[in-house]
Amino acid sequence: MYEELKAICHQANLELPKLGLVIYTFGNVSAVDRKAGVYAIKPSGVEYDRLRPEDMVIVSLETGEAVEGRLRPSSDTNTHTVLYRAFPKIGGIVHTHSTYAVGWAQAARSVPLYGTTHADHLAADIPCTEFMPDERIANDYETETGLQIVECFRKKHLNPDEIPMALVAGHGPFTWGTTAAKALYNAKVLEELCRMALVTEQVNPAAARLKEALIEKHYNRKHGKNAYYGQK
Amino acid sequence: MYEELKAICHQANLELPKLGLVIYTFGNVSAVDRKAGVYAIKPSGVEYDRLRPEDMVIVSLETGEAVEGRLRPSSDTNTHTVLYRAFPKIGGIVHTHSTYAVGWAQAARSVPLYGTTHADHLAADIPCTEFMPDERIANDYETETGLQIVECFRKKHLNPDEIPMALVAGHGPFTWGTTAAKALYNAKVLEELCRMALVTEQVNPAAARLKEALIEKHYNRKHGKNAYYGQK
Amino acid sequence: MYEELKAICHQANLELPKLGLVIYTFGNVSAVDRKAGVYAIKPSGVEYDRLRPEDMVIVSLETGEAVEGRLRPSSDTNTHTVLYRAFPKIGGIVHTHSTYAVGWAQAARSVPLYGTTHADHLAADIPCTEFMPDERIANDYETETGLQIVECFRKKHLNPDEIPMALVAGHGPFTWGTTAAKALYNAKVLEELCRMALVTEQVNPAAARLKEALIEKHYNRKHGKNAYYGQK
Amino acid sequence: MYEELKAICHQANLELPKLGLVIYTFGNVSAVDRKAGVYAIKPSGVEYDRLRPEDMVIVSLETGEAVEGRLRPSSDTNTHTVLYRAFPKIGGIVHTHSTYAVGWAQAARSVPLYGTTHADHLAADIPCTEFMPDERIANDYETETGLQIVECFRKKHLNPDEIPMALVAGHGPFTWGTTAAKALYNAKVLEELCRMALVTEQVNPAAARLKEALIEKHYNRKHGKNAYYGQK
């Protein structure tokens, strides 16, 4: 069962090392089937070159428990469950430990919107959560990680369909999209935006955030009602 | 029609990811046929590995409108049109979001001429435009982007045939050349010069601009009347 | 004799350049057979692409002398001997001059535990030894290098089975593990942690060490009694 | 004639892009035949993938003029001639514009000896020349570049057989060795040492030069009378 979903999830996980976003088992991708009420996710701690489609684990969106598969799902599974529940339009989630995104997450800074490469993808700084309080760490940690992202978006009045990425302070990036492929794209773009932002500050420590008119122009020419980037 | 022009443009676009200058669709190349009064440009938002020669869009230099091709041209098309009109000797234009060039553009700094690698290619700092005023952003944005580059060259008394590159503040690099291949070469060289200049400032924050005599010597041995670099 | 041990050691040495951890002959791996009382190590100064399994040198754990092999063992052999004797549970050792780990070693700083990528692997800063006093350099230098690592772990009350890596001040990294393959894994992870820590400080010079509760959570979910990362 | 010399020189030039030390035509290698009184050098401005062995240009050590070959020799030929004349034991010379070496050269700083990777190869800081005075630039520039390196070594009492590399201020690196292959090795090592030194200063701006006892120990175990690194 769920062969197509497993194949999509498997393929997306194989892209992680090809995109230079992970070494060893430092990341995972999941893909959801909203109608079936389940998602497929990478098994925990298995290296990408040994992964087979049938190794993907199927998790119920309702219970958050694995419903099919011989292997244990990613240790980050509960974070995925929280995000799928809170963000109803997303179809795939990616978690990596890519170098520059982790650098910003460890520095606990949101990534300032410095230029049009950033604005082509999102019209806000890339949000970084707060550090998790000890009592929440002691609780169901991975569920709390997801909740932290959700709360960060609520507090900052951010729309997850427009801002498909977040940094978890001290940890690293999560990205998502309407499909697993788009979540992967966002993971690669996030890493590049983090690197560009660091270079920008190194070249000019007083670099200014991009002016609002340019942010709106670039975001809307690609994502607005009258978008004219790409093909119809 | 324009099969050769499309083939040249197609081939040049495929070089962008091979040269490490773009990920996904973060760039475009165009090539002009001055006699025919048209140029070929990459279609908007199509990934490089799916591009076919026949996908290239033919644009009229006179009207700035697409005159052949099933696909929409690059969203940056009007910038290309402005540059071809203002710089009558250039034969190709490249726009990328390469990491270090974007870093300097986002930092809104011209790249100081720190060494002979730079002087081998141009005898001036790599110019960075000013940030675009809001009323021009609200206007025909891509045309204004081209005009900004042209005005920057006029204000600074720069010759576009000698300085085949510019950074647009908050955005990224545009390069050009007598052919699309030379514009590509300049895009790669620009990225490397931006990286070297950052390393230079990191090694010595008080690094000095190269002395004029060395700038002239290196530029002229390659580009001057009595140039002796390369083959006759 | 020792054909299997030599094959393991040979294979592990070939991984060094593939993992991007060495150029030329800038590193070596050894693998021990505790029952036989010997370990296999790379011969000194031989490039990886010329290495054959039969070139590996067999060294006695008791005497520290080569007992089989036509070639001279790595000049770092005595360091390996000291570590195998002092850390009785380890099965393999890796020494490299990988760029970022060398940068931290030359800077003579322990690598602060800034995030969960680090805590997933060890629950302490990556220790850096002190600089070796002149009289010990004049003595048996490579033996003293090993002793410096061992003393550093004693002074700081660190468990080498939990912290499988060290930086030698002014020199570079040594890593180990229950097998040569795990020592290699730790060498790659160390290099990445060193790079992430530098990026972290560049993004935020006031970045804080990760809070203890997060360190414990991440270390224990992978290495503790109730670990739930990976497969059973 | 000189077929073997041309083949050696050709092969060495092809290594430059493979080692990641050049893009386009940003470098050249020469190889000398002291008995024949000539050296072979890359032709000027020809890309590496088009180079054939028969394209190498043969230059007389006595006159400094090309004595065989259809193409013009590298524009840096006179620098090579000066170095071969002044350093009688060297057999090959490499000039590149590799990124980090150029960064230090543009910053006009000698590279401090921060660690054992450096001391394994040379027991001194990597020397950087002074900036060339205008009257010498106006003279035979490439000859003066070579003379600057030679004078730098004399002033600092450096032995070119022990210190096979130099940075020319505002320009970039030259390396040499008893063979062209060893000069290439030194060019790669120099680039890596420059990168490591920058990382070291970024990790610790107050990083100290390596203590003399460690410098001597590492240099001598590889290059001294009682060297024990490598095979007999």
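Which chain is which? They are A, B, C and D, in the order written, and residues in each are numbered from 1.
Please note the rule applied: a contact is a pair of C-beta atoms (placed from the backbone, for glycine too) under 8 Å apart; a residue touches a chain by one contact, two chains touch by 3 or more.
This structure is a prediction, so every number in the text was calculated from the model and none was measured.
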item	value
Centroid comparison with chain D (C-alpha atoms), farthest chain	A
Same vs different contact residues, chain A with chain B, by half of numbers used	different
Whole-Å gap separating chain A and chain D, where each centre is the average of the chain's CA atoms	46
Chain A and chain C, separation of their C-alpha mean positions in angstrom	33
Contacts with 2+ other chains: residues of chain B	201-202
Complete list of chain pairs which touch one another	A-B, A-C, B-D, C-D
Interfacial residue positions of chain B with respect to chain D in the complex	114-117, 185, 188-189, 192, 195-197, 199-204, 207-208, 210-211, 213-214, 217, 221, 228-232
Residues of chain D defined as touching chain B within the complex	23-24, 26, 43-46, 71-72, 75, 97, 99-100, 102-109, 131-132, 134, 137-138, 141, 170-172, 198, 201-202
